[in-house]
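You will see two complexes here that share chain A, one where it goes with chain B and one where it goes with chain C.
Entry: the complex of A and B
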């Protein structure tokens, strides 16, 4: 072998797939008539190297981190909560509706807290049906949570247009929270509060899932629900709890986006972060630290990609495509690596036999 | 409030249910085959979208039949990626499906932007094949028996699928691959090949369903136009308990919900579009809540298979 096992592992799992994905993306861009070098230069420059771009990329991680926390919690417990988009948007709408009036009536910190609580509550409420169906009737939660998500997106629009419509404008949107009442930026403006909270959420979930008895119970349910039931764990109860916590975190993602950045929610606005983060946390193998890295990288890619799209006249959807290609590349790398490991084990076993 | 029970309303509802239901039927039949073989094909929505775009492009240049063929091929192309990643390599089926959906959404939106964003061409309506005699029936005639040939084809596919499952070795192999893959393996069958074939067939069906959406139903391609239809089709397949006829019934029911907006407009009822859009998904959830219990899904659904698996599924 030319490279050692560790270097080979790195080559197969990280470097190779990244390069392959970049090359494939470049080919697609070329086919679209776009100069790939210019595209990537623009992405790196505007997403990572320019101060304002980096700032935008960091700010964008806030909701993504909350969603990553939501998904890690659910996936580790073996629950496929794919309703993140609906839970996120409902959380955002409720937070936006409450924020402006509460900010006038209450001390700011209390208003924010109330918004967070309400957003988490509506997110959790939106997961009750899939959770109940899964826990007590054995209905696969993948489809039921997706259906709830589509329902939630429409309900959010109904709420914006007919319940929380800003009376001061004809545009269908909620009342805008004044910039002065939004979540502050810490460290002299470099770190938005939402990002700090998002990091805390991911790390908390990581800690709970890997270091506490509750997390261990959830992981046992996730690995083998029947064994968990035999061990005396309350599987339906834990399922409901996981759904509530996961959906609550998704709702918080919406609140943090509204209170920190957006200030209001317009009708038909849907950033669709929910499904986007699924591949990211999967690639991070449900590890909190890995998820933080992937979320930041995605953030850079999406901020830089928007700028490159404007500059080079390609549609913004290139980011979607790159994420898919990257996922395919990294997954293929993983498979190659497992095969190499199996070959190595087989060779070692054969060597052991021969020595004996 | 106008009368909802006029013949015009009934025809519009029935015709709309067919138009919106055929894509669900096609994709649902495909998903059913894939689920029987043990692959939960979450990428179905992406396969439909790819089919819708490819079919639109081909139909724009060479007529509807070229469109249907292109739609099937595009669906199969996406399915081939799914088969390699989740069947051959044993990667997680849900994540693979989501990644494929994101990729197809991105690619079709980009291609549409580059090719059609300024022109927005429309296809001329697909010629219908009126069935002699039946097409003149009062309400049902124009809605059921005066449609493009592909509609009859989709309904014939229901019978074809039922025949495959009951009467062919492939149908038996599919079921074994979904219930107990190691049994199929021990009997000399090829689990990976069986599952891959099922996923490819699902891709072809879903692609054709997408083609129907863009070429027949809409006459135009819009990015993200499948808007959850693929996911509804997955639910249909789950609820159908392995029976193709149940997919047809479900497709008509959910098709009626999807087309309720148009039918209500015909009846002069002006419901907010967001509320009408909730109808099909609410209906799906209601049906899931009522009939979803113990969905009789294949035992090894969603599980990757590798020979010598200690669990021996």
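Entry: the complex of A and C
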């Protein structure tokens, strides 16, 4: 045997898919007429090695981390809340609408807190319908939450254009929060508060899901709903709770983005973070620490990718393509690894037989 | 009987996750012969049937059909080679008609015969098996009874000109009388002067094997333990002893030992069910005293599962009264009933009894999530959990590396021990066992039965739901028979209980058919 089982496992599950994804991306780039080496160099240079690029990558993780927390909580409980985009944008709009007036009326920290609360509340409210349908009518939440997401995006635009429109400009957008009133940067500007809060949110969700009775109940519902009913858990009640918390976290993602970075929300703006983070938390297998790593890697990739796109004329979508290929590669690696384990078992059984 | 076998298997070997389900088995099937594959659960019978069906492929060994080496690489190929299989759980599409189901997999759609042609061929096949009540080709498969679905599978095999018919535990879902009909049918197919078939009859029931086998091959832990041709010159008792020796090779006391049938008068009533209505349950009256084991017999699907679920609180009650220690349980949910001491060990061990992806430690506490001392203010205390799990692993002899082993990685017997440990723990007053030894190997099943006896001895009221008559007769002090959501007979345990219960089941089944 050339490699031991542990090394073989690592090769199949991590290194192989990673190299394969990079190789495939390189081939696509070649077909686009771009030098892959230049592209990758640019991505790493601008996304990770340059101070401003790294700063941008770190800053970008804030909303992504909240979304990751939202998705991990829901997915571990077996609830496929795909309404994250609508919940995110409504949270962002409500936070943006409240931030400027509240910042003048209240102490700054209290204004931020009120914005967070309102954003979480609107996100949660936007999930009530799919949650209720799932809990009491057995309607699949994949479709209903996705539909609500489209409605949420539309409602957010209506709110921007007709309710919260900044009177001081003709551009359809909310009143801009002055930079002085935004969330501060910690550690001499290196660490935005939003990123710290996002990290806390992911770690908190991870801890709740693995260490608390509440999280254990949610996991049981997610892993085996029939066993949950058999064990006497309140499955509909827990379903409602999961939706509320998950959608609330998605709403917080919007608030953090607005209060920390954007300052306002323009009409027809939709970063679509929700669906972007879905593959990342799958790659992390719903593990909080893994999710943090993948979210950061994705930020680097997307910041560097944008820069490389500008420089080399490659579409932005290449970043998403790498993530997609990586996901497919890792899934394939998993299958290969299971096959290898089966073969080992069979060989061991045969070997044991021969020894007898 | 022709000398050359139709199908012969040599050195057949097949492993699953390191366990040898089949280990160098040689066996040959002849036309005109009913060949019984006899063995306990886990002996390898079903694996052998699956290989004949083309569902599984052997790791080693050869399959010869008419003397020619063949590989049965898919169900389609097995079918084309003349092997028809009647599965234990019929594989039909419930929403399609019988005719569509029978034609399914028979070839590409453009070569499919017209419905009228399918119906004609179904009738022809039914004539061969001498069926009196023909199947309706247009009936949806989902609306048929187990017996009818089984007959449809046989008909399907005959329509495809199968020369070898494998029946995997065909009697497990049938009443004793239906089983007798099936035996006659197999005989008829084997003795057909024009087209004598080879019949492979898979069973774990010794008497069935003796009733119909021209040749009996005994499998034991994946190996062929022996072969017997119980001719007319061999007394039944001698054949029986020989087979028992092959199946268990001297393992003692395997014949079912009837319980004493003496009711423990000292026990006071613990569980009382009065007029319980929860569709399909239709007015159940039952009382179980401390230390008593009451068996619930009947064909699967006559309300036994629903009775257990209604007792556990998993199923809403329309009318009636359930009392534990004299207190009504009516509005209480599953968790509250568990705390009061009403326990339910489900037969669907990985489906609902346990969460496969969680460790043993959590599965042992599945019905007490959040309770002290394992959680404090909602936060898990792993030390307490692990200590609890280790104590349970020792007390219930659970064979597992440790508290963190996932439930999905346990064998059926060990998973059952985890569930029993959870349900029997502190404060149990009454417990419902649903098919407790279903799918367990013989050693685990014996251990499980001993646990049930011990539970009753310790003063619990025990309700034992089982479709295994021998098990019920062995354990129960009293037996009730369920049919169509009602209790149709009450039989005292002890001598003669087996026959009385068997008769009651057949009677209930006939009445149900008459109503339908």
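Everything below uses one rule, namely that the second predicted complex is superposed on the first by the 353 of 356 C-alpha atoms of A that agree within 3 Å, B and C clash if a C-alpha of one lies under 4 Å from a C-alpha of the other, contacts with A are read in each partner's own complex, and residues count from 1 in each chain.
In this text, a contact is a pair of C-beta atoms (placed from the backbone, for glycine too) under 8 Å apart; a residue touches a chain by one contact, two chains touch by 3 or more.
Just so we're clear, the structure is a prediction, and the values are computed from it rather than from any experiment.
Q: Could you look at A:327 and tell me whether it touches chain B, chain C, both or neither (first, second, both, neither)?
A: So A:327 only meets chain B here.
Q: I'd like to know which partner A:223 touches here: chain B for first, chain C for second, both or neither.
A: second
Q: A:275 contacts which: chain B (first), chain C (second), both, neither?
A: First partner only.
Q: Could you tell me if A:48 is touching chain B, chain C, both of them or neither one (first, second, both, neither)?
A: Neither partner.
Q: Taking the superposition on A as described, I'd like to know which of chain B and chain C A:214 touches: first, second, both or neither.
A: Only chain C; A:214 stays clear of chain B.
Q: Of chain B and chain C, which one touches more of chain A's residues?
A: Residues of chain A touched, chain B against chain C: more for B.
Q: After lining up the shared chain so the two structures overlap, which partner does A:125 touch, if you call chain B first and chain C second: first, second, both or neither?
A: neither
Q: Touching A:26 in the superposition: chain B (first), chain C (second), both, neither?
A: After superposition on chain A, A:26 lies in contact with neither partner.
Q: Applying the document's contact rule, which stretches of chain C touch chain A when the two form their complex?
A: Interface residues on chain C, with respect to chain A: 15, 17-20, 23, 59, 312-314, 333-338, 344, 346, 348, 351-358, 362, 366-367, 369-370, 375, 378-380.
Q: Going by the contact rule set out above, which residues of chain B touch chain A in the complex?
A: 40, 42, 81, 85, 89-92, 94-96, 98-107, 109-110, 113-114, 223, 228, 231-232, 234-235, 238, 272, 274-275, 277-278, 281-282, 284-285, 288-289, 292-295, 297
Q: Which residues of chain A touch chain B in their complex?
A: Residues in contact with chain B: 28, 32-33, 80, 82, 129, 133, 137-140, 142-144, 146-148, 150-151, 154-155, 157-158, 161-162, 275-276, 278-279, 282, 314-315, 317-325, 327-328, 331-332, 334-335.
Q: In the complex, go through chain A and note every residue touching chain C.
A: 211-214, 216-217, 219-220, 223-224, 226-227, 229-233, 342, 345-346, 348-350, 352-353
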